[in-house]
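Each chain gets a letter, A, B and C, in the order it is written, and its residues are counted from 1.
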């Protein structure tokens, strides 16, 4: 395994692994959203879906996968960040301004990816406590646990709903930069496909944001 | 010919020697002709400092036509100043307004220690270059230049990467003080050409390792490097070099 | 001492081959016992250091930059000639040789020039193997263009940055040797003196620019690849730090300086904008293919250029040279620009000693009307952009302003066929030597010569010298000559720092340059040269009494002190240039003596009296140098007088 440890010692190797773990997490988010959107279907659809999920080995895979991917992604990035801070040296700039002519949003998204990611991490912790850890104690509704009821219950609190909406936007913001950056960190560059990946990353971020925000919003205005 | 002049306030980083610490000093400079280059404006300030009995400001420069890569410092937080695709020696005072305050700082990076004032030591770039930034062909070994065909597109692309002047603006502008653009451009230039293939994977691994060892940061895809590069070298070279690096480590087995 | 050029004799085509065959070889095991000190890491220095290290010699390469990649070879734009005949247009080694020797106005050695043409083809092979991204045809073969008025396409190029790419090629070979330990690269080191032991060059004295520390670097031979001296004019297209110091201090140890008056002044540069100007920028000569050169007929014309009617425009090149018009050779174009500006007809900012406007129009109005803006943009877009960036004026809308600028120097330290100076053990390559271009250099030949010397000539010829000498005991830092060298530099440095003057180093340099350009530039006269010699003597005296250097310490980085050392040498060298120009009573190549011209005002060569190399021996700063002559003999080419009427 020396090639692996040697690769991980380099910033580029770690960055590539962070990118892979990030893309895997994006995959999780897509599945997560598809599941969540069952809330809009017939009254029991979400509960039935949750039941099926928790009954299968998917949940184990998901739990274990996320338990590995999240700390890995965050850990690798923080390690890189420490290196980056060190690289600037002891004296920083009095003034530092960009010369980019890309859209301000893209530049901001790239420059705030660390702070955005840390906020996202905080949100995910709250989210796990809210729903994943609470799952086993949920009351039954018919044959299934009443996941839908619990969600509606929690997100009926406007402050809580707002938190989830902000969290959803944070996810989108992170992906807006993260998806294209991940492909590039893995060495993918192509004159035709790279712009499509950039747009695709933005599209995916918007879909995820709209999808996730729609749930608390719907609950609030229902 | 009417000669417009402007008055400036300059806040300049002053530092006597490497490691001695420094501070900003403020100077007023009046009657600067707008046809001067930025470095000629500093020459003018230095004449003024000499008259006042002060040590002139040290800054790197040589060719003053944008090709040697010696010059470069931050002007109001921008590497080589506000104009894109321009080294500071090719920046002219007509880009500035009278009454402006300009903050001049050296490149800041652990791998570029400040030597004096605005001058930094960029020899870490040469360490990277020495770690494989070459084709190992002794004089006398070369085949006829037309024996190896190089498509026009490949030659053009290779040139685009090879045009890097090693000024260090990419490192200075990067929030992580990363040398990925410099290193990747050098790697990309040779990787585009058939002559560069025999050592392609060994080269990328060694040069990337040297880059890390010199204490440069990592790439966050902020793309400030490309915007600051006086030769406008694309960040695509970073992705290309990363691909070679990852391939070298995982598949080729370097 | 008589000058031995050591040129081979016999058939021209086989001279270099036979000479190489006769050079005594150093055995492969023994090569590592020889240590060569290379000063300068431009095209010539980097290529020489890398190639000697490849052969197995121990090499130390010295640069005052942070990196070899900064050397001013990097700025050459146009291209590099090579007699490859890839275009099948009848080029050959002989044709390149002939063009070069004729272009140099028959003031170079046939043997050297032929060798240059002969090895030119190998340079392209080597550069391509290094990965130099030359321009290519769609089929993948190398592209060529014509350059500098020759009739064949033999110029290889990499966009407008050929010098940069060739330098990076040589630099990469050098860094490979640094990587493998073959070359010890010393950076931030200024060479300020030579170490001569028993009449042989054995090393140099260096000042560390970071901390002012003096040290010696010694070996079995010293190679100077320190470039040209155009900065004696202060304003030139050379980089700011280009200087004559290493060569001049070698000259003071007995090395002869040859033909210092041969300078090339490039006609198409952006004019001086004011008295604070530090540097001139070259615009490609190709602009003269479509641009028309003119000035207003009326002195003090106040209308903008575009409003001056045709009848009041003086297209002086077209009128004086109806056949060649705007395409006359560099020196003719340059000289005529000076004359019209001397007459007060110049345009642009008023600068210089006489506060005259020094610029002429290069107008694309008619070309744009004829071919359309798009066609002109396709041809010159990047040059127009560069001009606009520097001057803030668009050549599509208003005529460009141009004026000649010193660009390249053909003179330099005298060397024999082996590139060794008359001081044994001191070799000189590239622009720093005098050898191959004669009185004028053809376009795209500077890169060729630097690399020919470094890759293909010196690495062989130096072996002959080293083999003859055999391994010798190393010269240690405590050797009396090393200590004496350091002592000499210390004395000069202390003296410079002790002057409590009022004038900056730059102001002396500027004053010297203005005078040199006016009187020892494009056009030279006996009276002007004599006046210049005494002017320089006075200026030099004032320099040593009134120069102001801050800080007053040589123990740390001190940029003003670095400049002072260089300007002190220019103030001595400039006088020798004027003396050389005075001694050469003919006009040839880049050297135009007003006393020697045809009735039409053309340069008039005098082969009977001046078919020689002038080599000057140093006799002390305030003493007249001794003039040695190396006769030039032409066995293969017939000397002709050029005419552009």
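Note that in this section contacts are C-beta pairs under 8 Å (C-beta built on N, C-alpha and C of every residue); 3 or more make two chains touch, one makes a residue touch a chain.
Computed from a predicted model, the values in this text were never measured in an experiment.
Engineer: Could you name the chain whose CA centroid falls nearest to the centroid of all protein CA atoms?
Structural biologist: B
Engineer: Using only Cα atoms to place each chain's centre, name the chain farthest from subunit A.
Structural biologist: Checked the centroid distances; the maximum from subunit A is C.
Engineer: Indicate the whole-number Å distance between the mean C-alpha point of subunit A and the mean C-alpha point of subunit C.
Structural biologist: Here subunit A and subunit C have centroids separated by 62 Å.
Engineer: CA centre of subunit B versus CA centre of subunit C: separation in Å?
Structural biologist: Roughly 27 Å, centre to centre.
Engineer: Which whole number of Å gives the spacing of the CA centres of subunit A and subunit B?
Structural biologist: Spacing between the chain centres: roughly 36 Å.
Engineer: Can you check the complex and tell me which residues of subunit B touch subunit A?
Structural biologist: By the definition above, subunit B touches subunit A via 11, 22, 24, 74, 76-79, 82, 84, 103, 105, 108-114, 173, 175-178, 208-209, 212, 215-224, 226-228, 235-236, 238-247, 249-250, 253.
Engineer: Provide the residue numbers of subunit C that touch subunit B in the complex, in ascending order.
Structural biologist: Residue positions touching the partner: 47, 50-51, 54, 65-72, 74-75, 84, 86, 122, 124-131, 133-142, 158-159, 161, 164-165, 168, 171-173, 175-176, 178-179, 185, 187, 210-211, 237, 239-241, 273-274, 276-279, 281-282, 348-349, 389-392, 455-456, 459, 504, 506-507, 548, 550-551, 556-557, 559-560.
Engineer: Which of the residues in subunit B end up touching subunit C in this complex?
Structural biologist: 1, 3, 16-18, 33-37, 39-40, 43-44, 47, 49-50, 53-56, 58, 60-65, 67-70, 86, 90, 92, 94, 115-116, 119, 121-123, 125-126, 129-139, 141-146, 148-152, 155-156, 158-159, 162-163, 165-166, 189-190, 192-193, 195-196
Engineer: Going by the contact rule set out above, which residues of subunit A touch subunit B in the complex?
Structural biologist: 3, 6-7, 9-16, 80, 83-84, 86-102, 107, 110-111, 113, 177, 180-181, 184-189, 194
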